[in-house]
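The structure under discussion is supplied below as structure tokens; questions concerning it will follow.
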């Protein structure tokens, strides 16, 4: 098992408040890790540290053994990260197909000046079509995002992230806002992707689905690591129960 | 002594800026519109001030009428020009606003003539000698005094009244406010009314300082006020006030000491760019 | 004929200038309220070189380089600010440019530079050069639109953050858009200087920046054909409507407002709706039938 | 388009109705700012020019042919002025043209009229380069520098000022006036203790006023137009500054007195129009202008009137509509007009006296006349 991501002793403060404090997290190749925690646990902040939107005060982030802490977001993506965001952000002027195709063309967009000389987009569109089929959107590839329901857009986010061919897929609350049925079907998709070999870190509030599909859980509360391990073990941890039930937790 | 005078002159100018920029900030905070045509309302205020004073002889009445009429004109402008454009990208309302501004300059010129208007007998033109050799025009005292009063009144309104609470809530989070039963539409009208009437007050005061209103008197206000609200951090009222006074004082000293390098506008924008390079979110930027 | 040649030349220069802004604002989504500064940078470069007996054709690349260098600097600075902050920053750049030009005797100060030698190609020849350059850049714009660079621009214009999360070096792309757009504005400036044979600080101020932005937006932001049409029309509109005399600017601004109010996506959007099968209320665009 | 042109073109003399390219009308082009920031001056200049055309037509026109003024609004912008000049030359085929506009547009247009060989007279634009466009371009008012030098003489000799503060409007008008003043200042024992600049949009001069006060000059030389000078003078006076304020032809409008009110009293300017002139020509102009428009006469109106008058006189002189002959006639002209006796030097610059006016009891009145042909010699090349 090779290590894909290593977050080492990361601390983030906003003003005087610790958003993330001395957190460690390791993800190995092929894992599907559910990242849970109550509101204000610092989940999104940690995600932002990984993607480079937030700089930690201390600690390092390694991707496949390479220190990426000081790299810009787009370079981290090129190094093998991909992110599906909590609030769906489709490119509204582009069809679903092109939303994915632009991500498929990352070789062509690497060098800005060279991208001027390339016009062929057929292979990327073909690839995008496959990916959209994989997330179950093959019937709406030529639609604009503005007309699509939330469930579709969530899937689009996933497809677009997959198009980057990532070593590690970060999913930030993909199930939020979906009906139970939609959530279950998207969760199934995530499980299938993982079964196909995709390493995934899944931030999610929907405990039911997380427990259903994730073999491993990572729990954070008040910015600190609370638990990490097999799902059933973690869920029986009294600290975790306290954090979630909010009883007597200091 | 000279420095004190320059400082006071800066405050006078800054007070005018503050009155104008405040309305712009209110509109931006609520609707995210760069309301260039706000400067047209400022000009309209100046015209009404002069016309009513000349007709009735009462400057106070003129001030009240200008603030009321222009406040209503601002509401009308929102209703007719901005409301239909709210769903469009921001540059659409920006260009529409610029078009409105140019059109209104032309309307002023056609309606009131290209020469501008002056008070027949300008009120408050006398001056007092605060101490030896230090003169302050009554009009200048009025500018600083009235701006302060209006600002305090606004602060009171927003802090101490139900309307004010609803208003602030709407600016912070329109959806939440709506959920609590605030009528967003009314808040927007109120916003335009207050912002526009403040601009009208500024227009009347500027007309008093210069004894001249002309069709193009809003042209400086149209872009300088934009610079101020950006400097203040877009949508931050406190930031806007600080930026206005700061810019007034800066221009006052700049005109004298670096005027040969950069003109007044360039001084203001050089400062703006400098600040934005250090703090891209403006002086008080980030949140409301 | 001479009068028509003058009008055509004015149109061609405006088209080139508007397309240069369209590259930045229309393609890459970066609103600029100070684009006239780059027109000015090119115009001053070309004017001063011409006065130093450099042949007109050589002053064009020089003007482009000078404007593009300025554009690169401004572009780098502008990377720090976004959206409305960017709009106002670029506006500030415009004021700063004029403010500096005004105060330097080196640039002719307030008085500007007059007596710029003629292009040496005659009025007709000069017009053809202007038209050729405008068409070349229009073709280039259309090509870029189809390229991967254009694809990325579209994405950046749509949502910068998402584009970044797709692994794209957004800053680099924005900078390229700035450099190409401002360099082209510099070329337009060189033509401007040799057309009017006179440059002064007031020719490149805020009003000019707003006019060119209006051309882009009235044309339909990002639409090359729309922008060409709008720039050609708006640049000579004040001439064409001389007969309404006193109401000229009122008409112009009223048209602009009506356009934004009833067809915010400009002439391009208007045409799309006119020719699409869905029947829809079609606003009047002022009846500019000639 | 054709129709538009015709409608636009016609600003007609007295009783005559629309004439469109009819053989018996003679067209004179007139570019003038009717919209935009300079609209006020433009309107007044247009009134002055129209009056001159009416008078000339009433006096029989040119050998019985009536004169038509073809008017276009140039917004005082060079960008507008270039196509307008082309249009006047190519479409309207004017015999001669006049600029009732500011320097920027006049300069841009001058080159075009020169190339086309159409005589062109700048009525009141001050920039020295205008007449350098060539031998078809003339100016009936002072170059900025000349008037600036007259200001130096006025302050140093007439008023006996030693220390002068200069407040300069930052455009070609203000700059060239200030330059002229500085050239001649030392000849009249004047030291310039300080100089400040302001922009054409500025109306609030608080900081400059405070600083000027602390400079304690004997006189203030402030360049500007009535709409900047009105607020400036009133703010200087309100700050308790009592020394003489010297302005120029830009102040020359009743509107200046309206704006500055009581503070205007005693302001002295150098200009082209003498309200108390004994000249019949000037008296008539002032009377007829006021009865025609209901406004008080000012410098731009008088200058535009003068420019028309010069062209009309030259047309009568040359007797033909040949442009080269007309040019020669203008160049050799010596005509008494509202702004004095007009004759040109080799460059096409006017030679005349500078009128000094002062505000007394709410009106412009004669203060003195500066006639020093050496000091007032316009540039020759």
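Of note:
Note that the chains take the letters A, B, C and D in the order they are written out, and that residue 1 is the start of every chain.
In this section, a contact is a pair of C-beta atoms (placed from the backbone, for glycine too) under 8 Å apart; a residue touches a chain by one contact, two chains touch by 3 or more.
Note that this is a predicted model, so its numbers are computed, not measured.
Here the chain at the heart of the shown protein, by mean C-alpha position, is C.
A straight line joining the Cα centres of subunit C and subunit D is 35 Å long. Inter-chain centre distance (subunit B to subunit C, centres taken as mean C-alpha positions): 31 Å. For the pair subunit A and subunit C, the distance between mean C-alpha positions equals 42 Å. Shown for subunit D are the residues in touch with two or more other chains, namely 35, 170. Within subunit B, contacts with two or more other chains are made by residues 106, 260, 263, 265.
The complete set of chain-chain contacts reads A-C, B-C, B-D, C-D. Residue ranges on subunit C touching subunit B, taken from their complex, read 25, 31, 77, 80-85, 87-89, 91-93, 95-96, 98-100, 102-103, 206, 210, 213-214, 217-218, 221, 246-247, 249-250, 252-254, 256-257, 260-261, 264. Across the complex, subunit C meets subunit A through its residues 143-144, 146-149, 151-152, 154-155, 157-159, 161-170, 172-173, 176.
In the complex of the two chains, the subunit D residues touching subunit C come out as 1, 3-5, 7-8, 34-36, 72-73, 75, 77-80, 82-84, 86-87, 89-91, 104, 107-108, 111, 127, 129, 132, 170-172, 174-176. On subunit C, the positions that touch subunit D within their shared complex are 1-3, 6-7, 10, 102, 109-112, 114-115, 195-198, 200, 202-203, 236, 238-243, 245-246, 248-249, 290. Across the interface of their complex, subunit B is touched by residues 35, 37, 39-40, 42-43, 170, 196-199, 201-204, 206-211, 213-214, 227, 230-231, 234-235, 238-240, 255, 258-263 of subunit D.
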